[in-house]
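Heads up, the next two complexes both have subunit A, just with different partners, subunit B and then subunit C.
For the complex of A and B:
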């Protein structure tokens, strides 16, 4: 419910959108007795649709399960005539939507099932109401509450999808700034792929945090895997370098190809504040020098 | 001790050490700058380490005071090293386009002292 941002205000506003007024709820309560009489037919007719199609039949594995679902469905059916449309009601609907989302039932089934549901309600329940005007009004009210329910179910699907999208984005974010410890107080960040403003921002934050964590003297940023280095990217790198300097460390930029060197100079970007080198191996040598170490050949034994 | 501001300045060997733990408002900032310069004059210290790890926020005003104080110290032949800036502070300053001029920086007090040769290399 929190995930959907559903509170009393949202409830009221949604009821207003669907024109689901208290009179509608009262009208539904008034025909509850008739509805109860036809409950079994509606539920059976509903499951006939689900069992008649391979797309939904695969979710209904055995008779015991179908019997159980029919009981749940009957409870759902009766709730439509309870005359209540409050937060607990919505919570119940969200739960139903979430269950269907989890088992992987596509929204088209949801909508198709609701269509059949309305048809059954019309045939079995509404036509059994003696007064014609009353029957028509009751049908309108039913349509409102069913559409209201459907909107909540679809929202649940969307929220679940957004959530998994968010998880994936977080994973990608993490993967896109892998700050590696090369040596004591020396870090390496190999950048791969395009750098936009959002990623540049995140690169800066990650670099700063890791430099502090590792008490790094220097961080090597290798841009060999960055396809395009334009003014913007260069500017981001300069900013990161400036920030790294402010917290007391140095930046070494490596992986600068001839193409990138040409671009940077032609664009007139001044990157003289950075240590820049063509190859990562040279960057590591310089970095080690900055932390007071050096790579030396092994003594012949 | 004729200190004017509330921020203490310690002497460690031939180096001064000060930790800024409170917001540098106008009067405090002015007093701090004067205290630093007076102390340099008095002691002839060859370096000063300014620790700002206690500051959650550094606006451009404070940053300018720190950079200026560093520049003034340098004119008097004293190297100033700014240490302990928090990542979010650095990111904000850079985003605002303020890179604090040419002031020297180090990760923490330890590194700052080492940079000034106040400590054995390690």
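For the complex of A and C:
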């Protein structure tokens, strides 16, 4: 519920959009007896559509399940003629939408199913209303509530997708600043991809936390995987260097391509506060030197 | 008549919106794609992509959003990429200082405009206080 931001105000505004007035609900209540008489035909006809297409049939595994779903469907059918369109009703619709999203039923099936549903309601229920004007009015009301329901279902799909997108982004964010311990007191941060303001801030914080945790003397930042080094990226790197220096460590920048080197110079950025090297391997050598170690060839035995 | 130089001709033109931070990445990716497709060398590609990044960011940060128009040009001998960045922001009050470099209203390096100017062949800026800013840059393939 909270996820869709559905409250009394949204309910009223949406009912207004679909022109779903109290008279519509009353009109539907008035034909409830006729609707009940044809309920089985509508529900059976609806499932005939679902069973007739591979796209929806794969969700219907056995007869017992179909029978159960038909009972749920009958309950929904009757709700349309309950004369209620309040928050509990909406909550119910959201739950139904969420179930269909979870099992992976594409929205096109949802909409196609609703189309068939309306056709069945017209054939079986509406045409059974003796007064023609009344039948037309009832059909209009039915279309309103069905469209209203559909809008909620689609919103549920979108909300679920946004939620999963948000989860992925959080996961990527977590993976995007892997500060690795190369050796005692020497850290490495390989940066890959674009550096936006949010990520830059996260890089700075992660670097500082890890430098303190590891009592690091030096951190290598490798930018071989950063597509563009503009003044903003340079600014972030310089600020990170300054902050790292405050806690007693040095920054070594590696992975600078010939093109990036030339662009940085043309931009007029002064990065002399950092150690800079073309290759990561050279950065590791320098880093080890800064922590008092070096790579030596194996003694011949 | 008698001159070998052709008038430069616009081969394509597309306009992209810069409303969100991600749009900066979209614009510079497009710039890089066009430059690579037109045979710019790796240094020129890097320069053009970086220039696109700087100016698109200016539109987003200082102009409160706007548009970028990317055009492919030809003068008969070389291909060129022209990019126009427009915003309806507050404009640049002290243009001379902004173009000198090292001056920033956003507590950053303040090298965006002055640096970008050195990355391209043609650089033109039109800014009006309260009305907005338009920066046009062009870079050509080498002969």
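The rule is simple: the second predicted complex is superposed on the first by the 243 of 301 C-alpha atoms of A that agree within 3 Å, B and C clash if a C-alpha of one lies under 4 Å from a C-alpha of the other, contacts with A are read in each partner's own complex, and residues count from 1 in each chain.
Criterion: a contact is a pair of C-beta atoms (placed from the backbone, for glycine too) under 8 Å apart; a residue touches a chain by one contact, two chains touch by 3 or more.
Everything numeric here is computed off the predicted structure, so don't read it as measured data.
Of the two partner chains placed by the overlay, only subunit B lies in contact with A:292; subunit C stays clear of it.
After overlaying the two complexes on the shared chain, residue contacts for A:245 are found with subunit B alone; subunit C is out of touch. Once chain A of one complex is fitted onto chain A of the other, the partner contacts of A:234 are limited to subunit C, with no touch recorded for subunit B. Of the two partner chains, subunit C is the only one that A:194 touches; subunit B does not reach it. Residue contacts after overlaying the shared chain place A:263 against subunit C, while subunit B stays out of touching range. Of the two partner chains placed by superposition, only subunit B is touched by A:204; subunit C is not.
After overlaying the two complexes on the shared chain, residue contacts for A:212 are found with subunit B alone; subunit C is out of touch. On the side of subunit C, the complex with subunit A involves touching residues 21-22, 24-25, 28, 32, 42-43, 45-47, 49-50, 53-54, 57, 101, 108-109, 111-112, 114-116, 118-119.
Those residues of subunit A whose C-beta lies close enough to touch subunit B in the complex are 204-205, 208-209, 211-212, 215-217, 239-240, 242-249, 292. For subunit A in complex with subunit C, the touching residues are 194, 196-197, 227-232, 234-235, 238, 257-260, 262-263, 266-269. Those residues of subunit B that touch subunit A in the shared complex are 82-91, 93-95, 99-100, 105-108, 111-112, 121.
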